């Protein structure tokens, strides 16, 4: 039972999260070499995590003869050239989100790994939160019927590193940073075989003195009729708000990944010590999460990635998924500019899916619109006479009409 | 200390709520006569609430010499003619939501009451929920800074009366039924003097066998730059979901009016009795509200309406507000048809408001983008050099930069 | 439809709450005269609430010829003499909680009003919160089966007025101040006809430099076998924690009256204005309630009290209830001193109730201990052979065994 | 980087949880042999988890030459003899909770492993839930000041295996089964060096037709003055209720491990599939947890145990802790029988701790009892004149008095 030997590229916040997740608990995979543009940060990072080697030479890190897998935790504009190096050296490559700054770049990256035949995993951690994994499984099992609507919301007061704020390096603002998470969560709920048709998006720069958008909302229409909705913001106050909601014809799912997870702390501020990350406050009511790495999906994400290499299968999140996400975000930016629904332009690999098709029910030759149990036990029906177009109410002693 | 004598028009669910609110607790106002198209329902309603007189003659009910105020709880397509009768008989008129089926009709209704000089109140109850009243007051006091976003969500499995489902009588589907609530809640948070500029709306009929929309989402752009967002549905499963969220430059407000209000009941189903209305279930976990009439705003709404007549002032919700709401909903339907942002066409009575203007801060001659306290007590700044356009990070021992 | 004319005794926090509740919304009852020991406070209070008359003469206030009802909002050690004055002047009397400092005093007060034949209501507001009213009704209807356990918790950082902290005036500490609420909430859930048998209590003075207890926990054993549990504290940090939990043989009830009611506000502290009472903080996450007077039960309490006078019936909370509460609290103090269960000594007016008696079920001649549905749809039973005393597990395809 | 080879004893629910946790994610430790009294269950379990060997011979399993560590997941009455076998064969031993049926048995088990010098870990999983680990760390760091009260609650509808219900095999009922968890959670919060002095306990058999208690509540008084409180029940309806609450002089902690963790699902029951374990229902509102093994502490528990062996240190939970828990539970049973506080009889290894000592503050020569900010910004103080014993209120413009 051996593990993987990893080259880590980048020493920012995401590099910390990745390495903590890899080295955590009783995990058997290890980072063997770390790369940073800054020798100080490379050395400090290596020391902090007990990593044997560090370097400021990108290709040297990738080509390291003792590692088999490369983790890309670099700014967006460096992904393409880095993936090319991985392909050249035949390494498995795991790339942070978003895959690229736009769909064209993402497509080239995808082509590169497919041509090279190397393993490629898209590190979309929030699809792997334990709640999301279990909820998606329940939805796929039919527990809430057909999905009609999926909302994914990610907002906080703004990113930690300077390059995120620079649209040239990042490729955009809050959409590129956070919308990529939301888009993939939405796709997971409506079904990845459900083609995104078109997109309507609003964005604005309301608070920060930057050019990129600091707030955006998008609607994504899927082939089945289901609607996706994401809300992203770099101006939220109160911590990090990570919530998803899903509506189906037979049920509902609500998940909250951060601010309300059943862990609540009040401190007068006269105590000492440090409670909660990203909390904006160190006194008053605070809402930490238990094991941040696990609850944000990092642990399950790497288990899937390395498990996929072990088993010779595709990971749950592939570079193709990353490409689809970029295509949807491209449509968001176009829609925001043009003020209208914009088609999602992409090479689609999925099959077609049918329209949401709820069971039609009849009552006494009329179309049953709604039925509900009244407090007195009787049944109230609303029915439509398709011949006359008339709607009427009926109260009856009978049993609910079940789907034919 | 005397109260008002009321003519109640309509005996549907809303008539029950209105009358229960009026006759509840130690209230001093009373319904004196009730009108219904059906003599049986009129009589039953009068008996249930101890109302002295009932009738099937609309004008007779309105003209009743012993009442001073008329409450309209009738289907939407009857509002216009009913308001005209109230004007003719010089009665104060309180009209249920929405004011009309569209803005043109609403405008004629508004003109009618203004010409007649009668008191007119728009019965938009959800703006009066105790949480909303207190939250709006806090927002107006500046507690969360400038509002950037307001989301109002109202969804349930569909209305109780047949006429709601018939677009001809109702004027539309879930937007007309529920979107009117959401729109006015959003306006209350962003400020009623904040002009709605344009609207982007998606709607679809996903589940029910009807022609009207059973799901819709809309974005409303206001003059200040603030964005309103509403989500309405007749296909939600799990009860009635009534939630609002507001983001401001200095804070956040979340209110939940129904499904999660700190009241939770589990029943195995082997007990007997009746717990919760609109719950979809009578066993398992259920989430009743305490005093439904109060928590849905009916009590405070009538206190404001009759208090306004007492004091010779306008109520918080006027027919002009109802007209603005119809104008916004008209733009929603146009947008949904045209697939693009549509301007809100209305006679605007407000003054102009300025753009959201967060304080700009400087640090060492550079624009301060973001600052946050680090766990070790130091301050991390992200700054932009406006000359070069470069973003960089600074870690310092200093104090946070406050707004100049 | 006339209302009541009230003499208000006391101008402390509770006097404010009572008067706000009485004068709120469209209520028809009014305070006509207010008494305070301090002329300044009396005058200020009268001015604030539009009360025609004020006085520093207790008997003058009570004897006021234009009032019919006296509200006692005075410190505990003044209740007895005040009730006597009410009896002498034949006024209806409503007395704040606790009725007295101990059961002997409470018994004399009870005797006084019963001898005089005046209407007497015990102002235990927390039994009247809308959630509690609805939950008690559901429990009485059998929705959760037989009650086995009721927990009532009231904690905050300590009372607002000086006299509460002085055990001589108050008769005790947190038990007398808060335990009286909890005790009556517990009695409402287990049933008022369910005799409190004995009590086990822990108390201590852990934080404040006072002699009275600032923390206490008590268990109350009832005739049916049900157990009551209260937790009171004057040292809680984070606001006011008001929660009740009830377990029954067929269900569960959880109510939260203050800190988590579906209303959440975050403020950076750079906004202006005032959000939430009793919040301990004015920035960070705060949890206001919507309509504090309604949610704390004041509105429904007075509706019951005056409704009872109107209808010639007893109010839900009588002086006898107040006396029972004092008897239980007396037993708490004795138990805390003696370190053992202490009997509740009281003149009991109720009938006897039976022991909690869950249905016994059999399976194949054995006693059924537990049954649960397994994920595969089969039924798992745990049964006991009464002959041998052996426990065993059975997995079967059959239907759940229902109560015979 | 090698892992441990484990002998698993027992194939019940706890054996499943343990093995799933060990074999989960990218963990490097493995079960090599499993023992069950039933050959069918041993074989099935081995097949399910890919375990190379299975046996019905206890000593053979323990003596297996290729394993280094034994996990005891057997009924309570078998722990003593099993630990003796582990000692004889020099294996590291990890024993499920409770360590024994009573303190005398636990002491003999403790002596056995200390005499043999083998590694011994007490598998108290709930102390290792991610929320508890982080909360305990915050409390130890002083974030909430001195702990005054810790409540731990564990209730559900009753255990899954027959032997739990048999007091002879288990050593008791709900206390032995669940109270052991709660006791150790409480000790973790008040500090393990804080000696448990005495105990007051109520228990009863209210619902199930068994002799063991199905409900119990206990108070545990610690040397510092802090009070522990546990509530256990086998008759709770609604799932599994796992909540802890901690009060300190400067703050509060609330954790919810199961029923309200930010994951909510509604299903009409017409969908298909399986959502949530231990939910009592498969339709209506359900509250699953994300990753049950992680959220119940199994993952972190084994990481600590094997990490401790690696590092030659003691694990967080030792057999001595298990013995202390048994001593406290013994006192619970004695107290329930005698109706009074009972001392905890145990060999105490800790040092003494001091009494909770909040800072005393003065204002103008008087003892400051309480201070609070009023809405108008002024400060309200309650002070006591120690000379006269009088309490009074002061309102001032000044700053809050800080601890001297």
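Of note:
Going in written order, the chains are labelled A, B, C and D, and every chain counts its residues from 1.
Note that in this section contacts are C-beta pairs under 8 Å (C-beta built on N, C-alpha and C of every residue); 3 or more make two chains touch, one makes a residue touch a chain.
Just so it is clear, the model here is predicted, and its values are computed rather than measured.
Common neighbours of chain B and chain C (chains touching each): A, D. Overlaying chain A onto chain B using CA atoms gives a rotation of 180 degrees, to the nearest 5.
Taking the CA centroid of chain B as reference, the farthest chain centroid is that of D.
Comparing the residue numbers each copy contributes, chain A and chain C share more than half of them at their mutual interface. The distance from the centre of chain C to the centre of chain D, with each centre set as the mean of the Cα atoms, comes to 32 Å. Separating the CA-averaged centres of chain B and chain D is a span of 47 Å. In chain C, the positions touching at least two other chains are 144, 237-238, 248, 250-252, 266-268, 274. Against chain D, the residues of chain B that register as touching in their complex are 237-239, 266-268, 280-281, 283-287.
On chain B, the positions that touch chain A within their shared complex are 144, 148-149, 151, 155, 157-158, 160-163, 165-166, 200, 202, 204, 206-210, 215, 217, 219, 221, 225-227, 229, 231, 233, 235-238, 247-252, 274, 277, 282, 339-341, 356, 358, 360, 367, 369-370, 372-373, 375, 380, 382, 384, 389-393. Those residues of chain C that touch chain B in the shared complex are 1, 3, 25-30, 129-131, 133-135, 138, 141-145, 248, 250-257, 260-275, 288-291, 294-295, 299-300, 302-303, 306-307, 403.
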